[in-house]
């Protein structure tokens, strides 16, 4: 059994609205509703794998805001939310239309002026960050507003001062900002980060890195003094540099039902295993297996269990009856 | 057959998102999606009853914005839309949770900073207003933003200059503004209005009128020189003052499946009949019958036909086979 | 336990296609599919109440035709079907849009040239009629085509010759023929009928009868020498004339979910009880209770049980746990 | 803000499986899945109204068992569950078919040998009972098995020893046991109960009480030394005897969407208000309003808020926009 | 921006009724309803890609007939419909059961005696054909009835006389006629056709052509003096002969959600690009990309946009956020 | 046409409850309901392919029990059921969560103490077994209870005495018993079996056989004197030993929508063809084709037709219109 408050994450969670497979946003009559947000996705994934997890954010105290907290809570995640009056702020939403080659999956953000854009550290239970073993946030949050960016920095500093491990997933979103602005913001934050998660493509296109994943990891670790750099390469798997050693992890092949949240599931599996004392290779394996399981289920969240992750690592499958 | 462009309306149309009956926004997994907005509701209702109708507004050129136009178009309403780039503005949405006594029906607006809040007359096909026989808008639009309020005034003036009949439905929304602010805004617009639709309750609570519906109608007509004042009284029916004569209309009793849009359906039926040359009593009857039919069907829109409205007026019903 | 083949019915069964409550045929994206037809409704209702029932008809040997037989069979009704090649005939369909006052329920028949319109007695297992205790058909069948009318006459004659009790439900359908044509056809058949079911309204408007239900029953029994005449009066209940005695039955009040099939359920309950040896008052009571139960459930069919009917007669209800 | 662990409840929670309205268990293709159980219903209702609530029970550690805990947790209820291996026990289920007059609502229990039937006090966190302000259970639990009955007694004693207020809802279930057996079991427990909730009908038919609700309350309070006796009378409202005074509460009329859980919602509202320091009349009012709100929504649970309950008490309603 | 009435098509549009994936027509309880017909599919596809498109046909003026017009109108297609009284004709329907290897997709036509079978040119707005740049119809229409065949010929002649480009998609349907009859009918029409679309298989099996697609194109162009012949070869792509030059186009690989309408989408993309002035290779590319997009979405219609087609041509995809 | 009662099967049929694709039992709000059980799956499959089939079992006379019989009956299977009072026994259920690599499909049985566990031969119409040409049961039944095992033995003996062909499908279920116990039970039954169906994997892991499928077949036939041994090898197809000859059959490749019931469909196709007089190779081909068709449709049952199976054997497919 793990100790209290292993993991705290901070970021925006939105209402995810998606039409049935094969239907289009322009014509559908029906939207499935779920909670989705990179940082709460990580909290849920890690909580389901045994971590005591908490998520910090800001929400309107409306049925819509409460359903976010309730859905996370159903998976065991406690929330530390700065509530506004129901009509004082809005809940960010995003519309997700599943694609199918050659049609891309389309995400329409409707998150402008969401509650979190006015967040400040003093509204949040920052002591939770100090008492946690691990703090995680992503590159989406600083893109949302100046206040969100400042709060991100403040929480990372708080974590650093308290000795809490700090991880950061780049999560570049081209619909929120351009690469140059994003790069500058990221690089300001990197000094407060212990573990960086970064897709190879973003390392190249946003951080202007060159070379293969190994070279990227070395370059970033050298320049920004990260403890750990994990570079993900889509179907080619991930590499990680930690304490001067390089580790490699294949993906587990998956029948993809819903790809959204795959990266967050990877991070969740990685952190959950690190929190349990697993070494880097084990953490990569848990990350990769959790990500594969996520792909088989609907929604942003990695609704899985320790037993299922272990079963993927052990190569089991088929019909269990 | 009626002539081209009988009716032009102007206002915001939102995406309406509603859970199944008996389910709550806080817990539902499913939202039905429809287009809803007072002024397009009127355009659709009137178009389905034979009017050539057009709706003016401003929308993002996204799948969500286009579905509004498509849904109205499916009912025969042409749109005159100022399109923005997909990411330059947002589409207003509203969440509708159907109630059941003693629980009220709950509407959560998420329309702040919607595209229409930056509308200006020069973005819109104002010649359509000049060429129309009738122009209709409501008290919701001026509540949305200064720009929307100014455009409302400008279009009413344009209509007045061109000899187009102008109607205005008070449609007070307590979630958008307070009674004092609303009253001031309404009264500035009243000089540009020929026909006023007003619920008795709003006349009392927002316009500070006293007395019964007849007294209210007389008072408003006298003070603001309306051609016609229609005061609706919920289940007690409507009264109308026109050319110094007072007319009364009962409601047609209805099994209410969805009450949203009832008032707009009334206005649609009224205007459609006026445009066909019907006198005031006929227009009230068509308004009342269209409203009753609206209550029996799902969604904001009065999806009905001339034959059905006539059938209600004639007192038919039962199983038709 | 009842004996083999108590009841044979003959008529058309269609695919019933209906949108969800509150939605309209003109706009719905979804249709529920069920089997529906007056004579098979009676067979199903009676079979569920313990009768051994068989239904005779003609269908295309397509997935659509087979699903009719399968659905009836699931309720215990055996079919005696003249099958055509899949593409040689079509299955009749009907679209059902549930109304709500003041909007009527609307039925759109699409049954022209359905398979049954070319039926002839020699295609059907007429020995089943001879061996049955009871044969039932309705006034819909002769309206479908000359061949269907001739087959109706032939089967009634076959039943008469074999001593099988023959019942006939007038079931006037204004969308199929006019009252004059219908009346002539009905009256030609009446000499072959023992028990007549007739709504008071049809007795007046189609059969040109005058007076109240009792007078109608007497008049018809006298003129056409029926053993039994049952006149239904909607919410006022039914009266029956049998062997010179008059019986009266109230309706059991019901929360109506779907009114279609109520009359057929009444007939089913009546016949099922007669077949078990019940007297007229008992049969009327069973008919009325079965009809009330039908109204509470979706679809044409009286999906109920002997225990439930008994429970209605005994006045039970509430939550059973 | 209320203190930690106001309320602990103990009992079985089942998977509730119910077909769509108007469909029958015998023919439906679709079942809605929800958690339902009298004692967790009370915990959820009270938690949503501000109480810190916990529910004790026994479940298999399977996806089905976990979904019970997750659903309760989403509403803020913490669980104290004795978990068995996934295949070592089963989760109780119940099938719920909504009725409509004259057809009763039908509940089919499939709860034999459910996990809770082998529960013992030492498997449960009984310290939670000691630390709580209030402990609640119902007459369903002792009907499930000898072990469940013994655990019920033990927990009531634990609560009594610790000075925790103990309430008991008779909740007689004729499908679980007969009145005589039930009565004996109840009466053995009554000495450990402070507040008794009992429907007038059960008082008469199971407890063999005579007279009206007031007389019943007096009789029970006298005989068993209850602090408080609340007798509910269906649509006639409730009466309560407390400290020698009698209080009466009308029902709030409701459009009933789903009646299941109404009694539990009453208890939840009552306890929540008592825990906040409300007096008896206030508790009755909160109970009655919570019950009315429950009736308007789908499922066993009173998915409501303090604001909504207050709004019912204040007589508000209509469309809120 | 393109000019008014670029494209007119003529043909039958049916109600398409299809069960959910994996379910069978014989057992399903649910049918999705959509509009489908080769010629309106082309009109919708082209309209969505910027063409001003109109569709000519004949329909009953019933809710079912109107929903066809409404659905096309929602995509921007204007209709020129000869309306019959509601009960004077029927709307063709087709049942579509999606297959999965080795089970074929099954289409059951129920279109006999549909309204269009009695169509005549004088019922239709033939001036629309004269004023259009392009007229398109298919080999389905002449198979429906003698009147439909004669009207097809008449409209092609009208188009020819007016200098409107005429295209024809062979669209052989073995459930409507045999190859010999079809061939004779096609060949009578070919003299009135400028652009022929023909699948290689139909060229061989129905038109008795030999050789590969290139040889087929040459042979047909030579014999019937087509301006353009496009021969499609399923997954092998298309070839086109135009002005003596041969062009080849690969398919864009697609995750097929619904293959119905793929050929019509190809034609729509081809015509839309030709109308915008694109050359043959561009038209083939647009046809192929539109067809690929169609395959990814539910229904007959190519619900896509110019931007999406361009994105396919440019090889983009993935998750867009 | 085949003769009366070709096939009798005996075993348990459960309610199958499964969430939509991509959803998890732990979070779904919706379960599809179907009948499923190895032996009734075989009966349905064979009945749909022309055999007169009957299924023997024991059920509670509740709506749930009756729906099992009704669903089988809809496919033409007659039932010989020992009914218990509604509350005297329970219906077995199983929860099915569809997987997707690397997540396995998960089956949760909730069948303990189902009605069949108390079955005895004298409750069943054993004369049906004597009069049948073929009797089939599986290795699931003896795992359910001692009584079920004894009844299995008794029915196999009855069949043997009457000269009825007896087949047995091993169907090892690791969730019901361990390999050693299962093996002992199987081997006791083998002397009463003519045709054995066994998956290669179970032959190895449960029956402790070695070698390839051919060796396994020879070994089993030799040791237990089976007439026929069919060894299935998943995607590698099946081999059969009969009268000393070995036959091999490839699988027909299939787009798998639902793999549950594939083995039963194979058996159904095999037996149906044997009953029609087909030789071993034909039976293997029918088994394999029926299995492939089963995989394309939802549910346990092979809802197919003789024409479809023939079409698979003939290699047809595509869109049929």
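Here the chain labels run A, B, C, D, E and F in written order, and each chain numbers its own residues starting at 1.
As a convention for this text, a residue touches a chain if its C-beta (ideal position, glycine included) is under 8 Å from a C-beta of that chain, and two chains touch if they have at least 3 such contacts.
Here the structure is a predicted model, which is why all the values come from computation and not from measurement.
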item: Farthest-lying chain, centroid of Cα atoms versus that of subunit C; value: A
item: Repeated interface matching A-F, over half of the contact pairs identical, chosen among B-E, A-D or B-C; value: B-C
item: Rotation angle superposing subunit A onto its copy subunit D by C-alpha atoms, nearest 5 degrees; value: 180
item: From subunit D, the most remote chain by mean C-alpha position; value: E
item: Interface residue overlap between copies subunit B and subunit E, same or different (over half shared); value: same
item: For subunit C paired with subunit D, centre-to-centre distance based on mean C-alpha positions, whole Å; value: 46
item: Whole-Å separation of chain centres (CA-atom averages), subunit A against subunit C; value: 62
item: Multi-partner residues of subunit D (each touching 2 or more other chains); value: 24, 26-27, 29, 70, 74, 106, 175
item: Touching residues on subunit D, where the partner in the complex is subunit B; value: 74, 252-255, 257-258, 289, 292-293, 296-298, 303-304, 308, 311-312, 315-321
item: Touch list for subunit B against partner subunit E, complex; value: 70-71, 73-76
item: Residues of subunit C defined as touching subunit B within the complex; value: 21-24, 26-27, 99-107, 109, 173-175, 259-260
item: Subunit E - residues contacting subunit C, complex; value: 17, 24-34, 62-64, 66-67, 70, 86-87, 90-91, 93, 95, 97, 106, 108, 110, 112-113, 175
